[in-house]
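Okay, got some structures for you below.
One chain, chain A, links the two complexes that follow: it is found with chain B in the first and with chain C in the second.
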Partner chain A sequence: MKHPIPLVLCAAVTLLLPAATHDGYIIQLLNISILNAIVVLGLNFATGWTGQINFGQAAFYGLGAYTTAIATKAGLPWITTPVLSALVVLVASLALGLPTLRLRTYYLAMTTIGFGEIVRLIIVHWEPVTGGTSGLRAIPGISVFGFGPQGQIQHYYLLVAALALAAFIGTRIRKSSLGRAMIATKDSEIAAEQSGVDTTRTKLLAFMIGAVYAGLAGCLYASSIRFISPDSFSGVQAILLMTMLIVGGMGSIIGCIIGAVALTILPEALRFLGQWYLVLYGLGVIAVIALAPGGLASIASVIRLRQAGGR
Partner chain B sequence: MTDTPIIVARGVTRRFGGLVALDGVDLDVPRGIVQAIIGPNGSGKTTLLNALSGASHADAGSICIDGKEIFRLKPHRIARLGLARTFQNIRIFSNLSVLENVKVAAACNTPASLFNIMAGNARQRQSEAEIERTAREALQIVGLSGRTGDRATQLPYAQQRLLEIARALASKPSVLLLDEPAAGMNMTESMTLLGTIAKLRASGITILLVEHNVRLVMGISDRVVVLDFGKKIAEGAPAEVQRNPLVIEAYLGRRHRHA
Partner chain C sequence: MGQLVVNGLALGSIYALVALGLLLIFNTVQIVNFAQGQLLMLGAFIGISGAVTHELPVAIAWIVTMAAMALIGIVFMVLVYFPLRGRPPFLVILTTIAMGIVLENLALIIWGPLPVSLPSPVRGAPLRFAGVVISMHQLFIFATLAAILLLQFLLLTKTRFGILMQATAQDLHTARLVGIPVNRTIAVAFAFGAMLSGVAGLLVAPIFLAEPTMGGSLGLKGFVVSVIGGFGNLPGAVLGGLFLGLIETFGARYISSNFRDAYAFIVMIAVLVAWPRGLFGEKSSEKV
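Presenting the complex of A and B:
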């Protein structure tokens, strides 16, 4: 580890946070921000590293959530839901990625926008199963052979563990030949090909791994928040996830987490501003992109560079 | 078997709209030599390299590397069959370190298994160690061992060209295509480059060299092919080719002869 002290500090704050507040609303917000962070980590594979624009991440998130909700409400044991959610998004992302990823970047953007809309329409109109616009409530909670987290704080720790695992696997991929192939594909597709990288396979893998991240986050969302509605997985959410990735820092695992947490909590923290909140939010996003194009995660190194330049 | 040329290309043709960039070019490259492709601007040198490496496929013809037909194969398949290349306009991976750039190609023939990566098991560690060893060896050959940890974009221009060569070498090719490797290099850097090319030739790699600088080419090449307007107009030892009136005409123009 390059920065042990900040890392230990972050871990300590994360673990002690629930002790500082007993406000259920805040813990719930944190839980959602952690789930979003897992989804953004998934988005980072295809978009941050491989350079493919993916607006389907919210739809995969939703597919995972609805699969879990419908399965558990139908009486299936919870333990089957991560597998089911992962399978559903794997099939969907393969069907979507296989034909489009042979093509250039923007085709994936187009097809994933369309895909997101299709998923949303199905959720809204298949009312008997999905509950339509009013969503599904009273979704059974996480339970493995009768054991499961009770209350929001236990859920918080479970989700932190899930995020840590997601980040850990992301780091392993980054340090493997697959991770290098992803970044090589983004930097120069032709040079990657001529170096023996099957760029089509790499793009497809990045897209599918990311979809599985979103699907599993959706599974955890449904069974820890216990209520889902189409709004949480709409096209607006897809753009928000992309914004989290860009503001946090494309390609940086820490950046994904910072971006997701910041942009999930900020709108709530700025709620007292009423409509002005959107203005401030927009300005903030523009400021980050203009002043630190590498995202929030790069600010530390930007400051260091400025200081070095000033000397 | 070792007597057959390592590259056998027949009737390679490439059209861009109405322009015939390559017009039925035949090419035989014997094993273990340095073969240069020269020609005036727009004569089809890079187009020929692109056709050989699969970067931009030929419209017609046949290309065999080591007896295997590679016509219209995807570039990564061709790379795995032992053909590596560098680019005229440098194409390094700017978001990777120097070492990682080379590791990308060093993993050429060891496809990653997602399961092993996530498990971080012994097989994964072993294959990563092997990739690292290959990559470091390649960097050593071009003399970039001291800069492994730097970002690739931090290297000066000439060293970025060397990095491309190291990357190409890391895939352990039997044929190496170099597209104007000395472009933008000063005299000293070009001389070092020539030394590296000689070293590679001695290690048994066949080198196909596209170069603008004819003087540089003549010193190091065993054979020279001259292209003009997409056609092969001459072929042979450097000294022979230099005396060929067609070549002189292609480079200096027809009026020169009458003057």
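Presenting the complex of A and C:
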């Protein structure tokens, strides 16, 4: 453990947070921010580590959520939904990634935006199944052989555990040969190919692992928030997820979590600003990209370097 | 049938104009501006402020709008492009998207969320022949596109400025070394690019109503057109625009109008998979 004290402190705050508030709304907001953090961790595989822009992550999130909602409402046991959601996003990400991941930046940005828009239009217009723009309500909750979390606080701890698992798996993948191949692909595709890295395979795997993160987060979203609508998974959401990654710090697991939690809670805290919030938000994103390319996570490490007397 | 063709071409001309604005910026700095649609929306609203709120003659409102858009283009460049010069295009995509969010919400604050209409600068009874109705505004759209295409072609190929732009696009540092006023060239490209989307906004507002959120989808159509036509390809942008206008109009009529906005993306993904450089070829110095 490199930084045991901050880590223990973070864990303690995370675990005690629900005791500090009895406001259901705040816990709900925290739950959504944890789900977003899992999705952003997924986005980090393709974008943060492999360097491939991806605006399709919100659509994978939505595919997972809708698969789970539709399956449980049709009477399937909850335990099948993570598998079903993962399968659906695996097929979708393979179908999208296989032909498009060879494309350069702008084209990849556009095809993933297009994919998200097509998924959104299908959800909106396939009303008998998806509920159209009004979404699906009263989705059955998480239940494994009759056991499941009750109330928002139990859901909170479950989601924290899921996030911890997602972060742990992310760290393991980063340290594996696949993780090194991702970084190599990001740094220089040509050099990576020369060193025997199959960059197309690496990009595809990063993309698909990220999609599975989003699909499973979607599964948990549907069965813990228990209401879904297309707005939660639109192109706007895809851009928000991307900015969470950038503002938090691309390539940093802690950065992903900070970015997701901060940018999920901030709009609620700054609600009094009304429309001005989004104006400031846009300018803030530009400022972070221009001034702190490593995001909030890098600001912390810069401070640490200064304290250590380095430059 | 004939009517669908006319409507499709009119819609396609607007898409082509958005793509021409993108092209001007792309051909100079090799950057795709993801806020082009929001610039279009600003053009429409500035026109409305002039013609409707301040009751200026529509032609004057047009001139005021174009001047304002040129200025906005330069401010845009200073805020979004300059701080990120030489950084990966990936990041510039995000800053332009962020600027789009800023512009859209500023417009919501200034003009409110309700759709507004702008009168067309041309009046007169629509032309009819063989059962097809062509409104004067549609004719005006075609004429504007033709004029802008001609001007832009001359600008890019026959003038000193066109050569400066090409040199800047090919190699910014060398261009500066040989004494090309790089910053001025880029500023002119951004000013013209914003002006062109302003014109597209002025042309759209009389057909569809103007609202602050109109930019997102129109901007995306502009990229789809650029992809279909090949990025930076002038005739490709125009043909791609007209093609997309026809596809959407016919698709909405004969397949399903619910998926109107999906056709563009389906066509684009199909084109990218089959012809990665667009139907008419890409004009760019390859940067791998």
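One rule holds for everything that comes next: the second predicted complex is superposed on the first by the 297 of 311 C-alpha atoms of A that agree within 3 Å, B and C clash if a C-alpha of one lies under 4 Å from a C-alpha of the other, contacts with A are read in each partner's own complex, and residues count from 1 in each chain.
Following the convention adopted for this analysis, contacts are C-beta pairs under 8 Å (C-beta built on N, C-alpha and C of every residue); 3 or more make two chains touch, one makes a residue touch a chain.
Note that the structure is a prediction, hence the values are computed from the model and not measured.
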Which of chain B and chain C A:Tyr281 touches, first, second, both or neither: second
Which superposed partner A:Ile190 touches (first chain B, second chain C, both, neither): both
Which of chain B and chain C A:Ile239 touches, first, second, both or neither: second
Which of chain B and chain C A:Tyr107 touches, first, second, both or neither: second
Contacts on chain A seen with chain B and repeated with chain C across the two complexes: 190
Parts of chain C lying in touch with chain A, wherever the complex brings them together: 32, 34, 79-80, 83-84, 87-91, 93-95, 97-102, 104-106, 108-109, 216, 220, 223-224, 227, 231, 258-259, 261-262, 264-266, 268-269, 272-273, 276, 288
Contact footprint of chain B on chain A as seen in their complex: 169, 172-173, 175-178, 180-181, 183-184, 186-188, 190-199, 205, 209, 251
In the complex, chain A residues that touch chain C: 51, 53, 99-100, 102-103, 105-107, 109-111, 113-115, 117-118, 121, 124-125, 189-190, 235, 239, 242-243, 246, 275-276, 278-279, 281-283, 285-286, 289-291, 293
Footprint of chain A on chain B - complex, ascending: 53-55, 74-76, 78-80, 84-85, 87, 91-96, 100-101, 103-105, 107-110, 112, 114, 117-118, 120, 124, 127-128, 131, 167-168, 170-171
